[in-house]
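Each of the next two complexes has chain A plus one other chain: chain B in the first, chain C in the second.
For the complex of A and B:
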């Protein structure tokens, strides 16, 4: 009979045994060692039926299919563009996925995206060898022009977005900024200089205080006070 | 830095046009600066400088060596900078890179030409033995403006330096202090003025520093004498701009010098 050794939301460290026996299944951040399930990362336990998953407290971005990410074009190759998406592996935009336009065979690819350009793209495929394919075809996916970028811990991104995007919509409305949040921890903002600074500070505050409850009200208060000050 | 994105830079210039910086400061405003002396127990002198999120520590180590043959009556100092990989995503391990060497050289020039230390007073025996001061600068965190922070830390470390005890056989007992302080003759400080577009400003954070067109580091003494200059960046500077930058730097150096309370002899040793 299997035995569960941890509770919901408990903090565990790598190497910690989470469960014994074959009744439980190892999820993200865990692995099976003989008849034990062992933690692979520092994180919070998330139990869902028989599945044991760990939510990381910190760490690099792990690419997942359908994630919206912001990346920097680092190289142009014959079949497309290589993009750095703040992750351990480079990503690729192929010619086919780059634009809706037709790209002629001998076109100058730097006219579409040049090295150093930032793009917001969607991950279409992650292979087991961690080859990442990006697509630029879809609503909102574009080259980023103007504005500024900030980088936060990728594990805090869900908190910045909030439930049903409540948090990010609050910031957008109050500060009158365009904001795009990549799942990889890069956030692009564009707007009136003063509102923009307020939005940046609000996002950094969320990153710092992501563990607290009642954060949305806190942030609302923070922005209102900031708006009064300027 | 070459990977700066052009359109992001234009956005920064737009912000500067409306007189707003990325952290709400004015263009010629420094972040909060903190100077702490004597932070490293095992160094003869040390200083930690904090400018906003930028942290730099400098320490001095003293040794007795034979003077250089062409200057038998003088001791010397040497500045070395290490930019730790932990302090910035841009820094790597290994031999010092261009940035580290530039910081060492510019700080060295400022202190040497500003005559912060009288080398003749470091002499122990002519042609045979003199003190040599090793100034080591280490970056703990880089959030822009390392040059100014490094120079302040180096000067602070000199101000804090105390000679160790010398044994009868000429060896140094580093564990015992002699109680004799190193005399700092003047207070040369480096202030770097940065340029983006047509804007001149001080003390950039990392987000601004990556877009700079040009910078001019100006080392000045208490009376406004310029003791060191270093220009960086690709863009050229006009004569008027250089005049303006030197004025800004001289004024700011006066403010920063107040942080070193009671340090130095106040320019008396000059000439």
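For the complex of A and C:
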């Protein structure tokens, strides 16, 4: 009979034995070594029936198809633009995915996006060798102008957005800011400077306290207090 | 005079005081601090990231690159010349090899994980302290690995086998001394680093490794606790004698 050695939501380190015997299945972030299931990363235990999965607590952003990301244009090549999206590999915006406008054959590409520009784009393809294609065609996808940009740990992004975007909508409404959250941990904010600073502080607070429960109420209180001070 | 008692009153299988802390360098993807007596190491991990020069790229998996460095003021009064030396290059290499069997970078082809180990203070056992710090920093950076790597030095002074030699013991002049840094994976007990300097017999080597395994278990628990502490309540000191 197999034996489970960890509890739901426990923090485990690489190499820690999660279960013994063949009754449990190794999920993401774990591997099987003979009759043991072992943690491969630092993470939070997530048990679902007989499947043991680890939710990573740290690590670089892993690109996934259909993710919305914010990146910086780092190079202009003949096929399009190279974009740094805060992960291990550079991403690419090809000419046909860059804009709805017609781009003439010998156009100066820096007129559309120049080096150093920030864009919000959607990932359309990730190959096995991690070549990443981005698209700029779609609602909300644009070059980012004005505002401010902050960087948080990409594993904390789901917490910043909240269930059905509840958390981010709360911050948007209260501080009256435009906020765009990239799955890669880059967040763009635009609004009244005082509201912007309050929103930044609220997001950094979420990042710090993401593992605690009752966070939405806590953030609501934090912003209300901040608004009173303004 | 025969060596029958350790000069600082430790037991023969007792390590120096150990302090471990994770997440000490904010800019790095992962970082850790590890102190063992007067030997103090910081490790910072960056990556996985793009690897240059490109000919070093491996399209089947990611690479790990280690840099071991002693700061100029870290020695015992003499200024350590900055820059790579024969010794620091060797230690960088053996550190890299200690981690190669545990690092799982198949998911990150063509990339590199850089590990920078800086020693602010040294009192022997610096490569072991470096490995212990680097191992926590790698886990903190979210790098997939099969196990943590734990290192400790064991050795022989006179006729006694002992754990975690400090400089005074390593440089004991009245009797022969042997010094062996070892790194072990605590779960499988595989050895990933084994060096030796001095005079020792085969049997004594085996006994010394057994002695080291006990200390390794203790250091492993401190490492685990330090990693958990960072994520449970925002990083605090973990102290254990």
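Brief remarks follow.
Just so we're on the same page, the second predicted complex is superposed on the first by the 199 of 230 C-alpha atoms of A that agree within 3 Å, B and C clash if a C-alpha of one lies under 4 Å from a C-alpha of the other, contacts with A are read in each partner's own complex, and residues count from 1 in each chain.
Just so we're on the same page, contacts are C-beta pairs under 8 Å (C-beta built on N, C-alpha and C of every residue); 3 or more make two chains touch, one makes a residue touch a chain.
No experiment lies behind these values; they were computed from the predicted model shown.
Superposition model on chain A: chain B and chain C are shown accommodated side by side without a clash. In the superposition on chain A, contact is made by A:41 with chain C only, not with chain B.
Looking at the shared chain after the overlay, A:88 reaches chain C, while chain B stays out of its contact range. Looking at the shared chain after the overlay, A:211 reaches chain C, while chain B stays out of its contact range.
More residues of chain A lie in contact with C than with the other chain of the pair chain B and chain C. By the document's definition of touching, of the two partners only chain C reaches A:129; chain B does not. In the superposed pair of complexes, A:197 makes contact with chain B only, with no contact to chain C. By the document's definition of touching, of the two partners only chain C reaches A:57; chain B does not. Nowhere in the superposition do the C-alpha atoms of chain B and chain C come closer than 5 Å. Within the complex formed with chain C, the chain A residues making contact are 11, 13-17, 29, 31, 33, 38, 40-42, 56-60, 62, 88-90, 129-130, 155, 208, 211. Residue ranges of chain B in contact with chain A, taken from their complex: 3-8, 10-12, 14-15, 18, 20, 22-24, 207.
For chain A in complex with chain B, the residues that touch the partner chain are 72, 116-118, 144-150, 190, 193-194, 196-197, 200.
For chain C in complex with chain A, the residues that touch the partner chain are 29-30, 47-50, 59, 62, 102, 104, 107-111, 139-148, 185-188, 223-224, 227-228, 231-232, 234.
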